[in-house]
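Here the chain labels run A, B, C and D in written order, and each chain numbers its own residues starting at 1.
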Amino acid sequence: MNQIELTLFLESAVRLGIPLALAAIGETITERSGVINIGLEGSIIAGALGGALGALAFEGAGLGVLSGAMAGLLVGLVFAVFAIGLGADQIITGTAVTIGGLGMTGAIYQARFGATGTELSLPTLAPVAIPVLSEIPLVGSALFAQAPTAYFAYLMAPIAWYVLFKTAWGLELRATGEAPAAAEAAGVRVRLVRFMATLFGGAMAGIAGAHLALAHAGTFAENMSAGKGFIAIAVVVLGRWNPLLVLFAALFFGAASALQFFLQALGFDLAYQIFLAFPYVLTLAALAGWVGKSRAPAALALPWEPHR
Amino acid sequence: MSDPLVRLRGVQRRFGRVQALAGAELDLHAGEVHGVLGANGAGKSTLFNVLGGLLAPDAGSLEIEGVQTALGSPRDAWSRGIGLVHQHFTLVPALSVRENLALGLRGRSLTEVGGVVEATMERTGLRVPLEATVSAIGVGDRQRTEILKTLLRDPKVLVLDEPTAVLTPEEVDGLFDLLRELAGEGRAVALVAHKLDEVLAVSDRLTVLRAGRTVLTTERAGASERALVAAMVGSGVADEIALGVHRTGMKRDAPARDPSAVVGRLTGVTGERLTNATLEVRAGEVLGVAGVEGNGQHELALVLAGRVRPAVGVAQVPDEVAFVPQDRRTEGLVPDFDLTENIALALSRLDRFGAGPLMPWDALEEEAERIRTRFDVTAPSVATLAGALSGGNQQRVIIGRELALGAQMLVAENPTRGLDVAAAAYVHGELVRLAAAGLAIVLVSTDLDEILELSDRVVVMTRGRIVVVPGNERTREGVGALMLAGRSQTG
Amino acid sequence: MSAGIAPARAREAALLGLGAVTLTLGAGAVLLLLGGYDPVAAGASMLRGSIGSWNTFVSITLVRSVPLLFAGLAVALAFRAGVWNIGAEGQLYAGAVGGVWVALTFTGLPSLLLLPAVLLASCLAGGLWALVPTLMRLRLGIGEVITTILMNFVGIYMAAWMVHGPLQEQRGVFPQTDRIVEAARLPALIPGTRLHIGFGLALVIAAVLAVMFRRTRLGFQIRAVGASPQAAAVAGRIDPARVIFISFLASGAIAGLAGGAEVSGLTYALYEDLSDGWGYTAIAVALLGGLRPGGVVVTAIFFGALQAGAGAMQRDAGIPAAWVDVVEALVILAVLGLDRVRAARAAAPTGEGGA
Amino acid sequence: ETESTFRAALLTSGPVSDAGWYAGAYDGLLLLEDSLGASVSHQQTATPAEFDEAFIAYASSGYDIIFAHGNEYQDAAIRAGEQFPDVTIVVSGGGRVSANVVPLIFRLEEGSYLAGMAAAYMTASKVVGMVGGVAIPPAQGTFVAFESGVHVVDPEIELLEVFTGDWNDVAAAKEATVAQLSRGADVIIHNLDAASFAVFQAVREAVDGGDVAYAVGMNSDQNAVAPDVILGSAVIRIADAFLTTARLWQDGRVGGAPIYANTEQEVIDFVFNPVLLDRVPAEAVDHITRTKQAIRAGEIDIPRVIFVEGEGEGR
């Protein structure tokens, strides 16, 4: 690759990483509270449709992102009501929410645009180049000539990190995910904390979906989330439940994915399925080389009922 | 007497088939230290959990400062000025001590918390390693953290459920001074402990629970040990426990054994928290291991019990060693298993339960039943989940199981921690009997009285090293001094 | 654990659960009405298409349940050992590839040899697919949740590559393998239906697992390590690593059978998109079945019926696939609500039968 | 219900809301209902196991003709055809033939050959890209034909090819397109479903960034989707093909041999985007129009991927 190609590759890596980062930062907060939301996929696709419909209704991509966030949050709410409110198993609930989210968005899309869909063209979230930063050689345009949602992700990572590790609120959140009984005994409202964390995760996933629809594709298609919810969950682990590392992990995964298209475009004569598997294999390798054990929050996925 | 700060009346609480509380009563007055006694499973923790807002009572009333109150959560209890130090730790293992303390002080900024913590440590003399992760500190430090966490919120009513079990004698004395001081400031202090002398030493008034009911409330002045024990366990067995066996019946002057039969031997074992540990354990003796928590006793116990193979040095121990581990809820038991399964965990390896691929459940269930009866475990049946037992009853199950192993050697860490007087006496009696029968016993304990009373030889662990205590220094003071040499390790 | 719920709480939880059931089913009906579809017709076609007749039940519902059954048992086994194997999907694909490879390679063998070889190969391949996360957990301490998810994607692409490359049909045109020989095909379990003996095999495995958990030392060790690896090691002197190794690989092997049985019992060739996320559905199946083999059998058949009914809803009631997914999700949520009712009732003290 | 009505079913393995390949089939089904009074039903299937099930369910409940819209159905179709000799199964892009199972072959190569010629006239960089979903023969066929269309005009032009592995993954399609643009491609053709929008979006962003680049629509007339960047579309009029097929079937003329749909019947076509037509040199328009007529007349053999069993005789 020459320098221009390298720059383009990096741009592509960031573009592919951003939706993962958005969803994974949200999920990090959710998981830190002891909830694993594998219904994330449902929130992402809802965010994509919500973003698309919002952008059409309000004739602007910005408000589209906001409605995407709301849609993602709504799906997160359904998950939270069952998994936290009712104490139902988180994995089953997440499975149902994913199926339901994919189905519901398809149903709404068809109700709005007809059974055979439409060639939908949306107001898009155009890249905004940040004056000086985007001129940095090599990485400047990749990192700083992106859609506003990318900057939102850059911003949320340190904010989430700060809240998580430096504030009393974050302390309560982490305690809730590690030892809910102890947190409750200290006066933390475990279920409330988990509710909020899950809704936040849902909203972030919604923004990720809106980004896909408005910044990336400029359209909505059924199932366009294409498994990103699951990858985001893997990214959270790769980022060791630390929002800053999660951002990097997402970009890493984005780079691995971008590489596959560049290698294909470069004309490497390998079956393309091998390129497609590449980011996953690379992530496995990265994990193996990523020395030191990271540990999930101890109470992750365990339903909690104050034992009264 | 003034109106009580706390008045509990007719409190009932049921867990499935178990009526844990059946009309318990308790008054706590400002300015008093109130001892609460009762056999294992009497309902002490349940009652305090009701007071702490953790459990909702099925019936009964709670008044705080004369006002009828219903506590919906621990949060409510906190806001009413009730601070509860739980029997089982309610710390977050993955967080640092400082963070755990900050969690107790919800809502204040972290810098503010720092100041309050320092001040409280200063005032109470409770020193804890602030930056350490809780999972890496010993139970003594955890207990201190737990108490500190509660005190930070400046409660009007302070309730401590078995706080002394893991503290050294000096620390117990210090804690009691602190409790008196706190009471002197006009707070009400309630305390559960199983050692009568401790409770008697610190309390102004006493309440005894039996089978979920309050059977006695009395001024300290008017209480005799005998009457208290009678109230706790019912009249019949009280005498021998209170007066005889527990106090004096244990100590043996001349152990009957063959001193040449070495059952276990460590040579130059070095590893985590162990430095060049060399030790022999002989048949028929009780070897007492004293030390401040975190000086390597637990690691020594694991090696002696054959649970950990040392990286450096040689450990010659029997294939089968009975082991009563320090943390009963994570190492001793599987809380989600029933009693039979928990007993099977250790016993199903034994030849007498056959060697085929199938589990001999019938025989194991019989064995479980036997242990339940023999050790008087309060549980509806052997199909009860271990996690649903009171702390003392969990300990009984473990001890019963390990003794049934019929091993040549027994390593026990704080075997009577959390046991009521009767059970503690029984366990002590068993240890003595087994030693007499030729078993090699290693008794690791933070309870110096227990060590001094039962042991033939005593060693002290300080900073991972073993120091043998000469016969003439085998006194509370002598051993205590050796132990304190290792104090800074944890402080 | 919910053993500590007091009577009032239990009643409250039960009511909450019932509310959830009513709400989700009600919401489903309202949504369908809003979408312009007839909920009654939808429900009827769902029932008809899943349990409407003996033949429907056997040839559609039970057939659909087979991969869920294998994969569900695989997940249940792993979860019981405290191994979070989210990788049944990848293991299923590996199993399908392994099985089809043997079936295409040893075409001369008699059925009596070839069939067991095919199934064994699926087991081995599935186990091999689980080996990577197993070693990464035991050797490197890397949690299996992430590694198994990643291996799923790798497995799916590996199978896709196989049908585009090494195992592609002789003509080299379509992304599929050649059809496997008769001798490598699982015979019908009930003659005249589509149900192949894979279903029987799954039931046998379920029975074996049930007996293992309840009666055998290994089963007990697995449960102990799953419930508390520390207590298992200290009190039970069980080596958790060994138990995890065995359970993880066995789980992968059983998940591999899901793929092998699908290929040799039903499709007779390997295709891309062999599975519709069954490995993930299997997690729900296993958990809803309480991680008990018997429970898994029931929930796998339930999910089989759900999916069979979903097809019928499209065909007979004209409800589009997207809507069918919505209904499916709502039914799962309603079942979750019911499950809460059941749990609350179990916790409530009922005389002798209590907690 | 009158005697003359017949029952037609459609199977797709993707959502019909894709405004493309599946949507066209669904429109076809509705066209049978409207024009021929057929009673119709549709099922979206996901796995090979479901294919069998759906065929059996439709055949055993009296459906007369089943359109299985994708080559993935071919094996299951043969099995079902044997079991239910009275039903007729039409497999779009299928490769296997029996008495009552027939492939419906869309000669989209004819359209994409023309698209290739257009691309060759428009490329300034002499690099042209192709972005595909899954590498199945019909998709590969369009690329092969596209390539030869390009080379008919200018044999020097370089072609890039990428498959994303997913017809609907918009993010993958976008990055694949960006990758090709960055390799210098300035005309991009696709063979995708819903993800095709991302190709147009990527090209549009390149144009917004000051480059000159074009996309080519595929499968349906996509000219209106992104009129600012789409040069033209290689079109299949699937609904028309279904209608024609159903009429043939009514006449008893379906069975035992593949059905071909091509430019001759105007099922396949290449249509320029009128908005951008003024940028296309007259010479190019003329050349393409002439070629189209030659193809219709059967004078030009378009290279293609042969995938029907026993096929060799061409059209």
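The rule is simple: a residue touches a chain if its C-beta (ideal position, glycine included) is under 8 Å from a C-beta of that chain, and two chains touch if they have at least 3 such contacts.
Quick caveat, the model's predicted, so the values are computed rather than measured.
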{"item": "Common touching chains of chain D and chain C", "value": "A"}
{"item": "Chain pair with more C-beta contacts, A-D versus A-B", "value": "A-D"}
{"item": "Chain A and chain B, separation of their C-alpha mean positions in angstrom", "value": "46"}
{"item": "Geometric centre distance via CA averages, chain D-chain B, whole Å", "value": "76"}
{"item": "Euclidean distance of C-alpha centroids - chain A vs chain D, Å", "value": "34"}
{"item": "Averaged-CA centre spacing for the pair chain C and chain B, given as whole angstrom", "value": "45"}
{"item": "Chain A, residues touching no fewer than two other chains", "value": "106, 109-110, 115, 222, 273, 276, 295, 307-308"}
{"item": "Sequence positions of chain D contacting 2 or more other chains", "value": "15-17, 135, 165"}
{"item": "Shared interface positions of chain B, touching two or more other chains", "value": "55-56"}
{"item": "Every chain pair in contact, whichever chains are involved", "value": "A-B, A-C, A-D, B-C, C-D"}
{"item": "Parts of chain A lying in touch with chain D, wherever the complex brings them together", "value": "4-5, 8-9, 11-12, 15-16, 19, 106, 109-110, 113-121, 124, 126-127, 212, 216-219, 221-224, 226, 228, 257-258, 261-262, 264-267, 272-273, 276"}
{"item": "Chain A partner contacts - residues on chain B that touch it in the complex", "value": "52, 54-56, 73-75, 78, 84, 86, 89-95, 99, 102-104, 106-110, 149"}
{"item": "Parts of chain C lying in touch with chain B, wherever the complex brings them together", "value": "1, 3-4, 6-9, 215-220, 223-224, 227-228, 230-237, 347, 349, 352, 354-355"}
{"item": "Complex interface listing, chain A residues touching chain C", "value": "82, 85-89, 91-93, 95-97, 99-107, 109-111, 115, 222, 227, 230-231, 233-234, 237-238, 271, 273-274, 276-277, 280-281, 283-284, 287-288, 293-296, 305, 307-308"}
{"item": "Residue numbers on chain D that touch chain A, as the complex places them", "value": "15-19, 22-24, 26-27, 129, 135, 160-166, 168-176, 178-180, 182-183, 193-195, 197-198, 200-201, 204-205, 208, 222, 224-226"}
